[in-house]
Structure formats: structure tokens, C-alpha cells
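Labels run A, B and C following the written order; every chain starts at residue 1.
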Amino acid sequence: MRNNRMFVFKAILWCVAGLAAAVAVLRFALGLGVATALSDTTPWGLWIGFDVMGGVALAAGGFVIAAAVHVFHRETFHAAARPAILTAFLGYGAVAVGLLFDLGLPWNIWHPMIFWNIHSPLFEVAWCVMLYLTVLALEVAPVILERTPFQKAYRFLSRLALPIMILGIMLSTLHQSSLGSLLLIMPFRIYPLWYTHLLPELFFISAICLGLNMVMFESSITSWLYRREPETKMLGGLAKLASAALAFYFVVRIADLAYQHKLGLIFAGTWEGNLFILEMLLSTVLPMVLYTLPAVRRSPTGLWLISMGSVLGFVLNRVNASGLSQVWATRSFYFPAWTEFAISLGIVSACGLIFFFIQEHFPVDPHGLNDIEEQRELADKSSPAFAPFTQVWLGEGWRKSARVYSMCFVVAMALGLTLAPKTEPAVTRKAERARGANVLRVGDGPRYVYFDHKRHQDEAGKEKSCGTCHHLHLAGDVGTPCSECHRRLFVPTNVFDHDRHVERAGGRESCAKCHGPGEPQALTVMKTCQDCHQKDMMAAGNTVVPAFKNPSAASYKDAMHKMCIPCHVTKAADPKVNLPNLGRCGACHDSGTQSEKAYKTEVPPGQEGIGRT
Amino acid sequence: MIQNPCILTDVTKCIGCEQCVAACKKINGLPAEDAPPRPGNSVDGLSADRWTTIIRRPDNHFVRKQCRHCAEPACVSVCPVGALQKTAEGPVIYDKSVCMGCRYCMMSCPYGIPHYEWNSAAPSVRKCIMCYGNMKSGKISEPACVTACPQKATLFGTRDAMLAEARKRLKAEPGKYVQTIWGEHEVGGTSVLLIADIPLEFLALNQGHPLGDTPLPERTWAALKPVPFEFVGMGLLMGGVYWIIERRKKLALEAGGAAAKDTRGEAGHEK
Amino acid sequence: MESFLTFCRGPLLILAFSVFFLGAARQVALTFVELGRAYRRAGDQAVNLKFIFKRSLGWIIPVNGLRGTRWVYTAASVVFHAGMLLVPLFLAGHIELIRKGVGLAWPSLGPGAADALTLATMAALLALVVLRVASRASRFLSTFQDWFLLALCLTAFLTGYGVAHPLANPLPFTFVYIVHLLSAELLLVLVPFSKLGHVILFPLTRASWEMGWHFVPGAGERIRTALGKEGEPV
């Protein structure tokens, strides 16, 4: 029987990957500003907090299991070793790819190799990740090579396995802790509950805890997807180990807080305090206690749920330390744009797909591979599927899947290209510097107006009136744009060039020439166009006049289309004018050579009106 | 160019005319008109196109914000490739050809100075460089913002001279000034000093708390110094554990002799 | 109505183009995979590339067809295909739209030539429909898809002509514009998923057709055996 569970899951992963591919195109074509919600106050967002910080920690299962199995000889965990190392390899690959997205100049990613700064923790992380990725590739290579003709290479790498494993553990120790060192430089950003001199040590210990939980979670989910018996005995052993590791982490973290006299902050009832409680409960306290219960250790569902909770909790820890806890200092709340989520999830999906591919074609788990191969043979023998509308044979087995998956990818990518933002988000037309200042910036350009906050407040209803203008939950809301209330000041026009009028009339002091001395914001005392332009444009018989008497001036497009075209059309019909194409779009719109043709072509008499049809 | 250059700004003298901003934009070739701000950017007005700005505080206080050119800059210490450099003279400068765009400098700056060109497909980090190139080549003798100031609210000289000037002013009018020179000891001392009649803690990203006098790079270096030892130590530990367990197993096997022939043998994973 | 027009000209147009390009790339990739498989399985692995090229060229320039008995059909078909390619690609308004969207532009057809070509295409299309109805064999072989796509092409061209000549057009301008956009977008979207795929798969069809001859004789019989359908017509 076909494994439909796996089929649907993979189709979903392909959809997410397609969406991410679309966002990737925009991110590299248009820059970070368009594709992310990052800002100068929050220059690191989801891609660093989740993809890099979380990703490296999630891949910790590789070195933890390698140490347990190959160094400490815990043979019970042997079944988890190869999947865990493969996950680590893909996880670090994901970190590298995620970095390519996050770096402003990704083509310079190799620079740490030649430009050295040993004082930078990020320099150390970069080197360790580079080396560890190589080490992991060497660790994964035997799995790929085992059933290929390259037996010489396979035997060579297998003999090297132990030194490579130990080198991998050494490198992991360094950069898992260095990710903590990364944050040591920012005591002014990170909330005291997360900032401590022990950050590197805490990151290392929590990576071990997270690694164990991740191995359990992954093993459970793989057996569910492939409909296999869960390896309960091994999971139970891992749970015991994880419980001990979590207890150690808990003690170190709380003791450190107590030593710094920060325990009071946890229960202060602040947003950060509650976040801390949530993180600790989910990642540490609950699994630590529950794993000690034998009933829980025997239940695959229980272990699956608890390990997932713990994994999420530790990812939350990384996100907290590198992002959420800093809202306290930056005072600007950053929420990732959907495009950022799309890239993060897309990278994870791609890793999942590669993981399944390797799992299904190479002896990561030899027993599982046999089952899969049997299923594949069955599928290949089943009759090919037929798509009636396109009149195509879909083929059998994997070729049918390939058609469906590629379809998912293509449709998702097309949707992504349609939905993704094309221009940088900006605080447009929002009033700024309202707090305490009497000068307000409005509009896209540096246009300043005098703004009497107190008077506005008094007229709107004293102290209780804040909500009239602030916190209206408009897109990019900082303050309410003036246009919300003073609609008539913002008539939809660009026929009227305010800046040019200001310039011609004599700069900033000239406002009163048009706006009247008393009430600059009221339209009643404002001069109308014809007050100055009586001669040039308000002459009798000009069709333009009625539109300009309207207090809401016509937009440029309306003005041209509604006022010019009728006359153009009349003239075009007039044989005396002899410009038959005058009424066509090309007469005014510049479309290469066409405009000249449309406007200037001399048509012999007797054929007028042809161009006008 | 003088050694250890320093800018002293006297907040009490500033009238907020923003001539310094205009001069800065001109000499650095920045667009005269600011682009609309990104959502989430700080309200101090600094941006990739505005390297110095005037912050308006209540009761007509105007505080100029710019890069502080720290004595031990956090941004320089964290840059993994050394794109940000503290020059021999003192100003902190940036080299785009080296930068890889990780934005760690922006995270590490306690004053939130480095800004990013978000709308570019090949963005750089932008911040005040104290007119380093122009002063080095002898084109100008002091930063453009200092020359532009009509009130002499912002002065230029060696750090020692500026500290002496600041102390002189604090002493001359003790009732007027807050008796602190901002930047004298903060995070190890900065090359941009401020004196004012209002507290200026708000310039740093620390919720109005003082930043402390310890240079920030020391905090990371404490963790990075032992790294080689940790690396070797972990290797020795792992190798040692492996060797001990392996030897114990071997001994057990020998002791068990023929009776334990069906044990799984050494290193079962390598079969 | 106006906002729907904006929607059709903006996001919907991007969606249509995305589906068109990505779907086309997918079809080409899949066809190559299938071709590679067929090549590996074929008994005779010598493929005459020159012959494929010649045949493709022969189909693009059907000189022989014009001499044959169905020369009207061939001529109409050539005019129809030329119009289908040239008018959408080289109309000044379309080029302007693309220039605004992605910044690419190329020389355009003059308005007179465009009008003439549009009318010729529509005439050829109608001729093709008449021929399809007239011939017994074609009528019976035609599926819903054939009729639907012809109708869609006609709609796109007719409304396009209406948009270019607003004064000669009795229906509301915006309505005609929207119908034009929707029909054209539907055409684009359908390219990778219908017989319109020959726009991109054309050279590859020749190749796969050529590949078919290289299977050992009786291969079809073996497939039937494998499917358990001996003796049934395929």
C-alpha cells in the first residue's frame, strides 16, 4: 500500500519550499528591506534568532549522540546515531543557507576565512560552523557510500570515524557556547533575566539538553510518518539521560540568577518575567519531572509530546535571548514579516525533503530502508495514472509523485511571487515627533507643519481624547496622519505642486499668502486657484474651469483624461485639422516610436477617420 | 591630522538649526532629503542617510547625536571580518569591500549608531566617520559639522584639550551644567564628549540606566580567551574517556576468557 | 469595477505570468526527465538530432502544406499562429506594461500593422473554426478543450481590439478591458496545463515523437501484457 501519510506530508513541504523560493527571488533582487520587517533598532530578526541560533542548537543532537554512542559506548542509542548525525549535517547546512539570506552581502560569506578578527565571537562561530560542516560531511559520507561501488573510500572514512567524531564534539563545544558569547557584548539590550556572564556555559548545557530531546522527537516523528514501531526502549533511555541533563541545566540557571540577586524579576509579573516562566516550564521543568515517571517513558505519545515541548521551549530560549528580551531596551516591537517566516519554514522544509530522500535511498536506518524499498517496488508495479484534461500519462511510482510535487512547488511559488511585497514598507504620511514637539513631519518629503498638540487635545476632549488620534491600529501606525481628520487638506491631486508654490512665493514665510493668517488648516479662508491664475487658465470657454472650482481638485489622470480627451477627439474628427490619430492613446503617451506616428502621420484627404475607428 | 581627535558638544549652546546635519550630508554625498522612515526605526532621526541629528528634548533642549568613536569600540571588536576599524588616529571607519553584512555591529553598539541601507540589494553600514578621509588628505582641518555650527556649540580638538575645555566650562558655571562629561569614562571613554544642563542617559540604549565604565569588548574577551584550552581540553577528555572504556572492556574480555566469547566484541558500531 | 480592474492589472497579472513561466519550466524539466528515461529504455540509442531539427523546421515553415490539398487550412493556421505570437508580444501598450513592471522594452509594431494583424488573426481563427466544423473527422476528434481554447483566443483578441479602439466600442470600456485582461490571463495560465503547451514544448514533442521510433518492435504489446490488457485496443 502506498504511504499516503508520507505523500501528503511531502506535498506540504514542497508547497512551503515553493513559497520560500518566491520570497528568495524578491529578497535577492530587492534587498532585505523589502523582504523583512527588520529595522535599525532590530537588525537581527527571525533569521538569526530561529534559523541560526535555533538551528545550531537544534542540530546539537548530532554531537550529543555521537559522544554517547561512540565515546561513552552507550550501544542502546545506536539506532539514533545515523539519523541524528544526518539531521545535524542538514541542520548546519540550513544555518549556512539561512545566513546567506540574512547577510546583507551574502557573496562575501567566505570573508572570515581571510579577514581575521579573533576578538569577535562571530568570527569563532563562523570558523567552527565551517569546520563542523566539513566534519559532518565526512561523518555522513560513509552512510551514502556504504552501498555504492566506492568501497575503498567507504572503508577509509569508516576507519577515520572515531577521530572525526571527537573533532566534531570539540568543535561543537566551542561554537555552541560561542553563540552565547555572541550576546555578552549587549548587556544594554538583553533583559537581566537572560543576560549573565554564564551565557556561553548555559548555551552549551542547554544545547546538550536540546540535542537529546531533538533526537527523541525526530525518532518518534520518523516512525509515525513511515508507520514503523517506535523504538520505545531507546527513547526511554534517552529520556532518563535528558532528565538528568535538564536537572543540571535548571540548577545552574537558577543558582546563577540567585547569585546575581535577580530571582525577584521572575515573579515580578512583567512581560519578560512571564516569558521566562513559560520558557523554563516548557523547556526544562516539565520534561525534567515527567521524564522521571516510568509510565511516561513507556508511552511513545507522551515522549513525543514532551520532547516537542522541550524542543520548542529551547528554541524559545534562543529567540528570547537574541530577540524578544531586547524589546525592553529598543522599545520597538518587531514582528517578523510573513516573508521571513516563509524563508525560515522553506529552509526547514527543504531540509526535511533532503532528509527523507537520504533516508529512503541510503542505509541511514537499514531496516527502515528495506521496508521502503519493498513499498517502492510495489508502487512501480501498479498501473500508471492518467490525467484526463491534459491527456498525459502521469507514469507510475515516483514519477507520479514527482509530477504532483513539482506542481505543488510551482503553484506555491507563483502565489508567493504574486503576494510578496515589492516595495519597502515605510511609515508614510504618518505624523512624527508628535511627543513634546511642536513641529510635525508629514508626507514623504521633509515637509514640516506647525502642530499644536495641546490645542488638538483640548478640542478633541482633554485627557481622555488620546485614542482619537493615537493607537488606531493603522498599518505602520506611529501617530495618526493629519489626513484622517483634515481630509480636505489632502485632496487627491498632484496637479497642484505645493513645494513649487512655496518656492515661488518665497519660502517658509509665505504660507499666509495663500492659507490666510489665522487658520492655516481651514479651507474656507484659503485662496482658490483662480485668485492668482485668473488670466492664464480661467479664461472664458476653457473647459478646465468647472473642475478647478471644485474644492477637491481633480487628480492628474482625471484632469487629463476627462478634460483633454473630449477635445482631442473632436479635433481628430475635423478634416481641417488633419490629425486623425489625435484621439488615440499614443497621441499623448510615449510608447517608443508610436507616439510620433500616431500624432504626426499625415493622412491623405478622404481617408480621415480611419485612425479613429 | 591630529592624534586622538575629539568633538565636544555643548548642549546649552545648541539652537537646533541642523546646519551640522546639512554640512554632514553635503560632505558625505548623502541625499539632502531624508527617505521616509522604516517602521520600527528609532525616533532619534538617524538613518543611513543622516549620520548626525538633533534630538529635540522638552523645553528647547537640542541634543546632537552622532557616532561616539569609542576608545574601545564594541562594533570594531565584534566585526568578524574587521570591516569596521579603529584608525591609528582615533576615528572608527568602515570598509564595505570587507563587510559581509551580518549587522552584528548594529546589535553591539550601545548608542544604536550604525544604520543600514535597507532598501538596497547590496547594502552597507552607514555611520559618522568623523570626516576621516577628508581630514587625512588635508582637505579640511576639522569635521564639516563643527565648521558649520553658527553657535560654536560643537568644538573640535584633541581629546585632552576638549576634556580640559569641558572641565573649565563645568567649573565656570556649576549651577548651569550637570556636573558630568558624557563620554569621559562611559564604556571606556569616547571621542565625542557632551556637556549639558539636562541628563543625557537617554542617548544610550539602556533604559536610562548608566552604561558603566567597563569597555564592552572586555566582556566577550573574557569568554573567548580560554577557547583554545577548552578546545584541546574537550578533545583530551573525549579521547581519554574512549580509551578508558575501551581498555576496561578489553580487560573484562580477557578476564572472562573463553566463557564470554559471545559478548558483542569491541566497538560493535564499527562492524 | 475600477478596483477590480486594478486587481486584474496588478496581482492577477503577476500570478498569470508566474504560473506561465514556472509551469512552462516544470513541463520542460519533466519532459526532459521522461525523454531521458525513454532514451535509456529504447532498444536503439542512436538518435538523429539533425532529423529532429529538420522536421521541427518543416513544421514551423509549412511550405509543403501550402502545396497540398488542405492549403486553406495551412494558410489560415500560419496566419493565426503568427498573429497569436506577434500581436501580444509587439503591441505598444503591452510593451509599456512590461516596461513599467520589469523595466524591459523592445520596438513595437505600428498601430496600423497591429490593427491589420489583429483582424487577420481573428479572420484566420474563424476560418479554422469553420474548417473544424466542416470536416467530419476533425469534428469528431475535437474535445471540449479545443472549442474552449479557440473561444478564449477569440475573446482575448476581440476585447483587445475593443480596448485599442474605445470610440468604436459600444460596450463600457472598463468592462471590455477587464474581459480582455481575464481572458488573456487565463490563456497564459492554461499554457502549461493544456494543449497550448506546444508553445514551449514544440521542439521537445518532435524529439519524443522521434524517440518513439527507437523502441524495439512489439514494445507496445509488452506494455499491454504488463498492464494485463492483452488484445484490447489502446
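Throughout what follows, a residue touches a chain if its C-beta (ideal position, glycine included) is under 8 Å from a C-beta of that chain, and two chains touch if they have at least 3 such contacts.
In this text, all values refer to a predicted model and were calculated from it rather than measured experimentally.
K.L.:
When you check each chain against chain A and chain B, which touch both of them?
P.N.:
In this structure, no chain contacts chain B and also chain A.
K.L.:
Please list the single chain whose C-alpha centre lies closest to the global protein C-alpha centre.
P.N.:
The most central chain here turns out to be A.
K.L.:
For chain A and chain B, let me know how many angstrom lie between their CA-based centres, rounded off.
P.N.:
27
K.L.:
List the centre-to-centre spacing of chain A and chain C in whole Å, with centres computed as mean CA coordinates.
P.N.:
38
K.L.:
Taking each chain's centre as the mean of its CA atoms, how far is chain B from chain C in angstrom?
P.N.:
Inter-chain centre distance comes to 60 Å.
K.L.:
Could you check chain C for residues that touch two or more other chains and list them?
P.N.:
In chain C, nothing touches at least two other chains.
K.L.:
Touching chain A in the complex: which residues of chain C?
P.N.:
11-12, 14-15, 18-19, 22-23, 25-26, 29-30, 33-34, 37, 92-93, 95-96, 105, 107-108, 110-111, 145, 165, 167-168, 193-195, 197, 227
K.L.:
Report the residues of chain B in contact with chain A in the complex, numbered from low to high.
P.N.:
33-43, 46-47, 56-58, 74, 77-83, 96, 98-104, 106-108, 110, 112, 114-124, 204-207, 211-212, 216-217, 219-224, 227, 230-231, 234-235, 238-239, 241-242, 245-246, 249, 264, 268-270
K.L.:
Hey, which residues of chain A end up touching chain C in the complex?
P.N.:
Answer in residue numbers: 22, 383, 389-391, 395, 399, 402-403, 406-407, 409-411, 413-415, 417-419, 569, 581, 583-586, 589, 591-594, 597-598, 611-613.
K.L.:
Residues of chain A touching chain B in their complex?
P.N.:
Touching chain B: residues 28-34, 37-44, 67, 69-73, 75, 78, 81, 102-106, 108-109, 111-112, 115-126, 158, 161-162, 166-167, 169-171, 173-174, 177-178, 180-182, 184-189, 197, 199-200, 328-330, 332-334, 424-428, 432-433, 436-437, 439, 444-446, 476, 478 of chain A.
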